[in-house]
Amino acid sequence: MAPDSLAHLAQRLQAFADARDWGRFHSPKNLASALVVEAGELLEPFQWLTEAQSRELSPEAKDAVALEMADVLLYLLQLGNQLGVDVVAAGHRKVDINEGRFPSA
Amino acid sequence: MAPDSLAHLAQRLQAFADARDWGRFHSPKNLASALVVEAGELLEPFQWLTEAQSRELSPEAKDAVALEMADVLLYLLQLGNQLGVDVVAAGHRKVDINEGRFPSA
Amino acid sequence: MAPDSLAHLAQRLQAFADARDWGRFHSPKNLASALVVEAGELLEPFQWLTEAQSRELSPEAKDAVALEMADVLLYLLQLGNQLGVDVVAAGHRKVDINEGRFPSA
Amino acid sequence: MAPDSLAHLAQRLQAFADARDWGRFHSPKNLASALVVEAGELLEPFQWLTEAQSRELSPEAKDAVALEMADVLLYLLQLGNQLGVDVVAAGHRKVDINEGRFPSA
């Protein structure tokens, strides 16, 4: 497995939670709650920006946003770990569905 | 590139948006908004469940949840496309930070 | 009490939940989850609009938004009922704080 | 108008924004974004609590939650100001709808 792959990241998260005995907190209900909390934090730096400004973030702002994106991804992977869901496969399935729903010109 | 990889999924999304000329809608501000909307939809099936019930979803419920997880992932990748952020690398960086913050016993 | 007042609305919600024995579902944790789900639904119709378009909603769109705003308010009041919090008093207190934080010119 | 009423609170918010020339930031799109960000902050203290723990908050925790509830209410009222929506009337209308949808025993 490539050391920087998504599957490796999911494994790191499982080991991280196991080492701290956090499994009892990580019910799917709680992980979905934590995910939406992080999604709100991801939106926060954009809330008063114009769309144009949001396309021209400074490197510092972009870096902060990248770490908020990471938080969302980490909870998504942990939720996948708990539910036994392969989120990348689900993503491909959803794009298949969307291609049927929104035909291109 | 493996056809089911995350990088391939990000490329499919870029091609999908390009074919429909949706780039003008896909400002980072709008994508972050869409992501939190989907995160809310992901939480919705869990809101009245107990934590124990959330650990025992039926296959049908789990499948519906998987597609909501997919929606979150798709917006995360599209935001990464727009900002030039590698969200998996950001995820590994965030786990590094968390390992420093929360030492295991 | 004026029949259309906020206090009357909070009482209606309490009676509504009591008549259906929904108190066991209405833990503060669950009500806060339901509230953010509704807040996501409130954001949804705005996610692809420009700011200018969001200022020019049709009467039909505005009416749909009003009902999503109502859902947020109803969970806020039910959370207040459960926690014994007077949300209007808290609102005045928060404006007092904000006046100290953001002096006007 | 009673000095602690909701209508008075909505007026204070309008005067507060006017005095700071914040009207240009307060598009309905932006206010709905800010509202969901605050709703996420309101959920945050509950995310790892059990439902039982969420019913037994300390006075300090309850006070912090009250101020997060206030933030949600303030954006709801500001959105009502911008759209010309009476959120309490909308709330009563939604309870009427719910009474039809969920008959009590």
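Chains here go by letter, A, B, C and D, matching the order in which they are written, and residues are numbered from 1 within each.
Note that in this section a residue touches a chain if its C-beta (ideal position, glycine included) is under 8 Å from a C-beta of that chain, and two chains touch if they have at least 3 such contacts.
Predicted model, so just to flag it, every value in this text is computed and none were measured.
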| item | value |
| --- | --- |
| Duplicate of the C-D contact set - from A-D, B-D or A-B, the pair where over half of the pairs recur | A-B |
| Of B-C and A-C, pair with higher C-beta contact tally | B-C |
| Centroid distance [mean C-alpha coordinates] between chain C and chain B, Å | 27 |
| Rounded Å distance, chain A centre to chain B centre (Cα mean) | 4 |
| Touching two or more other chains - residue numbers and ranges from chain C | 30, 33, 36, 39-40, 43, 46, 50-51 |
| Interfacial residue positions of chain A with respect to chain D in the complex | 25, 30, 33-34, 36-41, 43-44, 46-48 |
| Parts of chain B lying in touch with chain A, wherever the complex brings them together | 4-6, 9, 12-13, 16, 19-20, 27-30, 32-33, 35-36, 39-40, 42-43, 46, 49-55, 57, 62, 65-67, 69-74, 76-77, 79-80, 82-85, 87-95, 97-99, 102, 104-105 |
| Residues of chain A defined as touching chain C within the complex | 33, 36, 40, 50-51 |
